[in-house]
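Can you read through this structure? Questions will come right after.
Each chain gets a letter, A, B, C and D, in the order it is written, and its residues are counted from 1.
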Amino acid sequence: MEYTLAELMCVVAAREMPKEGTVMLGMGLPVLAGTLAKLMHAPELRVCTEVGAFDWEPRPDVPRTSIGIHDFILNDGAAMVSDMVDALGTLLMGGNVDIGVLAAAQVDRFGNLNTLLMGDYLAPERRLGGTGGNTEIACLAKRVLTIMPQERRRFVSRVDFNTSPGYISGPGARRRAGLDPQGPNIVVSTFGVFGFDTPDGGESGSCEMVLEAVFPNLDPDTVKLETGWDLRVAPHVREVEEPTEDELTLLRRLDPHHFYLTPGRY
Amino acid sequence: MEYTLAELMCVVAAREMPKEGTVMLGMGLPVLAGTLAKLMHAPELRVCTEVGAFDWEPRPDVPRTSIGIHDFILNDGAAMVSDMVDALGTLLMGGNVDIGVLAAAQVDRFGNLNTLLMGDYLAPERRLGGTGGNTEIACLAKRVLTIMPQERRRFVSRVDFNTSPGYISGPGARRRAGLDPQGPNIVVSTFGVFGFDTPDGGESGSCEMVLEAVFPNLDPDTVKLETGWDLRVAPHVREVEEPTEDELTLLRRLDPHHFYLTPGRY
Amino acid sequence: MRESKVMSEREAISRFVADGDSVYVGYTAAAYGLIREVVRQRKTGLEMIGASVGPQGTLLIMGRCADRVRTGYLAAALRPGLVQDMMSDGTFKYEDYSNQAIALMLMAGALGIPFIPTRSFLGTDYLDPKNVDHPGAYLHEQKWRAMESPFDGQPYVALPALRPDVALLHAQRADEFGNVQVWGHQGDARWAYWAAKKVIVSVEEIVSHETVLNDPGRTVVPGLRVSAIVHMPYGAHPAGQIGYYDYDYAFQGVSGMGQIVRSQELWHAHADEWIYGVEDHAGYLRRYVERFGEAALAAIAVDSGRTPEPGVRYGYAKQLRFRMES
Amino acid sequence: MRESKVMSEREAISRFVADGDSVYVGYTAAAYGLIREVVRQRKTGLEMIGASVGPQGTLLIMGRCADRVRTGYLAAALRPGLVQDMMSDGTFKYEDYSNQAIALMLMAGALGIPFIPTRSFLGTDYLDPKNVDHPGAYLHEQKWRAMESPFDGQPYVALPALRPDVALLHAQRADEFGNVQVWGHQGDARWAYWAAKKVIVSVEEIVSHETVLNDPGRTVVPGLRVSAIVHMPYGAHPAGQIGYYDYDYAFQGVSGMGQIVRSQELWHAHADEWIYGVEDHAGYLRRYVERFGEAALAAIAVDSGRTPEPGVRYGYAKQLRFRMES
């Protein structure tokens, strides 16, 4: 079955999500990937959004995933609906979110994200929409999975502006900043899957991104070409499995308006 | 019609309540007096409680006033029901309460209240139940009406412990403490009605309690006998009107279990 | 399949309440049935937490379960008796706050912030530095702090976040997965559901998961924060539960519950019959009916009050339109 | 008799929105009808406030009503165009926060506390002191402050309380006295109702006071805080309202609304037809039907979603029992 790298990226991100636990889905592809995971291998995953839907269980025949995070469909199957203070305060800052799933304009070697602007904050080349809830999810979720197309301009040595801390500048930096030492643990791109060199949950190791798996017919050197720093590669890089027909069929059913994935892009 | 001084105290307190505005009723007699006011001359008064009932409109045939402030009957006629953070935080501290109505164990010449203990805080003679929401209502309501039996041990020169600030130590003291300068404006006892010498809303004058009206057949000297300091008396002390039959009938109907007023006491 | 959180009160209390825990003990619709089970299991060294701690707290003190309290109001101290004595002789510790303070501190605990400012307490004797180490004190410098706003220098009081080890709550209903639904004025309970590390909820009714999903706006806490659901009709008795039954003031008289602070004898006269002398809440209800008859239970039934009208719908469009047909 | 707060959008906006006001502009179910009236009345110098400010904010910027924003996300800046240019050349000011920050700041404003702590932003470049006076800045030292907890020295960020001069909100229903009822996920609106000094609410339905009293738990704000209620069916269009109609994505395409940042011509092409060119919201709806037909309106109607089950009752006992009959 034909597929795009963006489709495979979403399928792999879904596969990488834990079977259970509380997940907060950020704007964009995380919503699509999270819904896919929930309907595939992770029915016990508790899907929450910052607008105020808690533990959303999409119906098996759900006509779409949420368009953005404000889609009213999130009220059909949520165990609780409330507001943003409850979602980003009580739930997230209160320590109840096991994994945050995020997208961004840039990611760097330490997993820091940038959602705000290109260039210098004091003289921006270009402003973006902004961070929304990305910043607090990166600061306060116990773990973070980032989904982002692999492009050299996006995978940079140092983000232009750190809106959403990964390991900041290396081991212990999160703790020194007042955050829990454990930060992001997975990045899924259009080329492969990355982990982080954090043997001790962010207190030791290089805390840099490490290539752990590549997409079919891609090799680490190709990934390095689209990475803006000297990328670490795991000793044994596995090859990601092709998306199954079930995965692709469901993924496409969840995005009937091509709101998330433009056919043929990437 | 026969009546007790305690009954007259409640009736007069009800009469002293404004025709409109938002009122927060503290534990005890304030609930009885506030409900009476609402059903008599002040149908537009917005009655709120710290447990989380907002703008309670008792039915004309309401079988009782609220027993305490947790009575479920407050959910019948409230425009909104919520929680204590909304009541004592959002509503009260947010600046939406025009008048707080309070009772206490002691009041002093500056209208400070004590709800916590008799004696020295570091070596109490006797502990009381505690302040509940009395402290924040005294700190944060725009005005305060206090209802308290007239006894020398209750009307003291200086409260044993200031749980609920009136004018603290005199003009400007509230502002210096970080509160709005305007504090309590009325005290109703079993002997009379008191105002405060605050020509400028707490910034000038003596800020002391001033006897403004006495109950029928009582004179200022009798009130002074049951007051623990040299009480100021207004140049023209009026005499409070007898309770009407309507007032007494409704008052007694609202307290069918004598939860608030023991017949024949005082 | 998602695991059920429904269990007996015996299991819930023995598994999730440890000696020495700080325990949110409720306010309106207090979880009396769970509280009695704590007394029955003779837990010790507990700290009680609540905006205002009513007679349920008196049971925990007289049962020698609780030895300290953080509250704005303690019913047990209202009249002379053993609790006032214990507060004087230092065997029962206390930190005085207020209803607003405890409610805000629970909210701060729920929000995961270190403290929350209040403008209450300004101008009171509470803040007098000499009162920090009062006879009942056990928090000292960690109780609160008078500060000034970094933005305008205005005074405020910093109240530290409160995260009780466990919360005991009684609610109207929940599903088996621990999604709890509540309606009516709530006091400080709304934030206790989110502040406590372990949450034990007794409910009048266990309803289907569908019933919860059909009105998710009534949910006060989702199952992900709940440790145990105990099906306990009349679980708030002798307090009431909005929509189910009202307060049973008469019981507090005839059972001697209102007098337990006056002597050990009066405490045991009540406790031996209504707590230690029954196996569980079901036994408590059986005894109640033996003693007072079904009619007594019927007499506290709700017979008045409002019912929501139809008209509310969490509606959306199955098909969204991205292109206008024309 | 209590006065009605119901009035036309023209009266509500002209009476309660002043040039230079800070305005909460909503998030989900934004009050588009009220926003269009603000543009129509050519208010100026407004500050926009919202956790995330969507396309309704773009209307206020392109209409020259708003010249600054406090938000975590600005849809108008998402793509290259006049708004990005105005942010570069300094004609449009901005202070970057986040969704959580704005929601918490509104809550702090509602609570009447000077600020609220957060643990968000720690470890980010936002807090770098050199970024305080960025090109869009207008708050400077009053924006926020990195601090340490007085209790344990842990770092936090103090977010100043936010009390917008006015909030523009769209809700499901209200009674004539301004008691507003809302259901479904709410974003940051829940606290904006309480934080703003003046509150203007457009609603899909005006319901009887009895309907409100019959389910007071659905009330998000009582009338005592509300300045005006505007009866405005489809008042959130082209956004949706839970239970009434869904988002009209197609309209944003055909009306050119999605392109207005690209040029003054494109802005006027849209605004002259859909804002300036109609008298009020009723006129807007008439034009919509003329252009696209009743069927277009029917196509965004809700056809799915949950409905609460009967069973909830705010019940109490008419007669309480203080003595046990026996």
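Everything below uses one rule, namely that contacts are C-beta pairs under 8 Å (C-beta built on N, C-alpha and C of every residue); 3 or more make two chains touch, one makes a residue touch a chain.
Predicted, not measured: the structure shown is a model, and the values here were computed from it.
With centres defined as mean CA coordinates, subunit C is found 28 Å away from subunit B. A separation of 57 Å divides the Cα centre of subunit A from that of subunit B.
Mean C-alpha position of subunit C lies 35 Å from that of subunit D. For subunit B, the set of residues that touch two or more other chains comprises 53, 67, 71-73, 75-76, 78, 81-82, 85, 89, 92-93, 140, 257. Residues of subunit C in contact with two or more other chains: 104, 111-113, 118-119, 154, 156, 183-184, 213, 216-217, 240, 242, 246-247, 249, 302, 304-306, 314-318, 320, 322. Interchain contacts give a graph that is no line, ring or star and is not complete, per the touch definition above. Contact between chains, as defined at the top, is found for A-C, A-D, B-C, B-D, C-D. Contact residues of subunit A toward subunit D in the complex are 49-53, 67, 70-76, 78, 81-85, 88-89, 92-93, 116, 121-124, 126-136, 139-140, 161-165, 168, 173-174, 177-179, 257. Within the complex, the subunit A residues that touch subunit C are 22, 44, 46, 53-55, 57, 63-64, 67, 71-73, 75-82, 85-86, 89-90, 92-96, 140, 257, 259. Of all residues in subunit D, only 104, 111-119, 142, 145, 147, 149-152, 154, 156, 158, 160, 183-184, 207, 211, 213-218, 240, 242-251, 253-254, 292, 295-296, 299-318, 320-326 touch subunit C in the complex they form. Every residue of subunit D that touches subunit A in the complex is listed here, in rising order: 27-28, 51-52, 71-75, 77-78, 80, 84, 87-88, 96, 98-101, 103-104, 107, 118-126, 130-131, 134-135, 154-156, 183-191, 240, 242, 246-247, 249, 302, 304-306. Remark: subunit D residues 2, 109-113, 177, 179, 194, 212-213, 216-217, 219-225, 314-316, 318-320, 322 touch subunit B in the complex.
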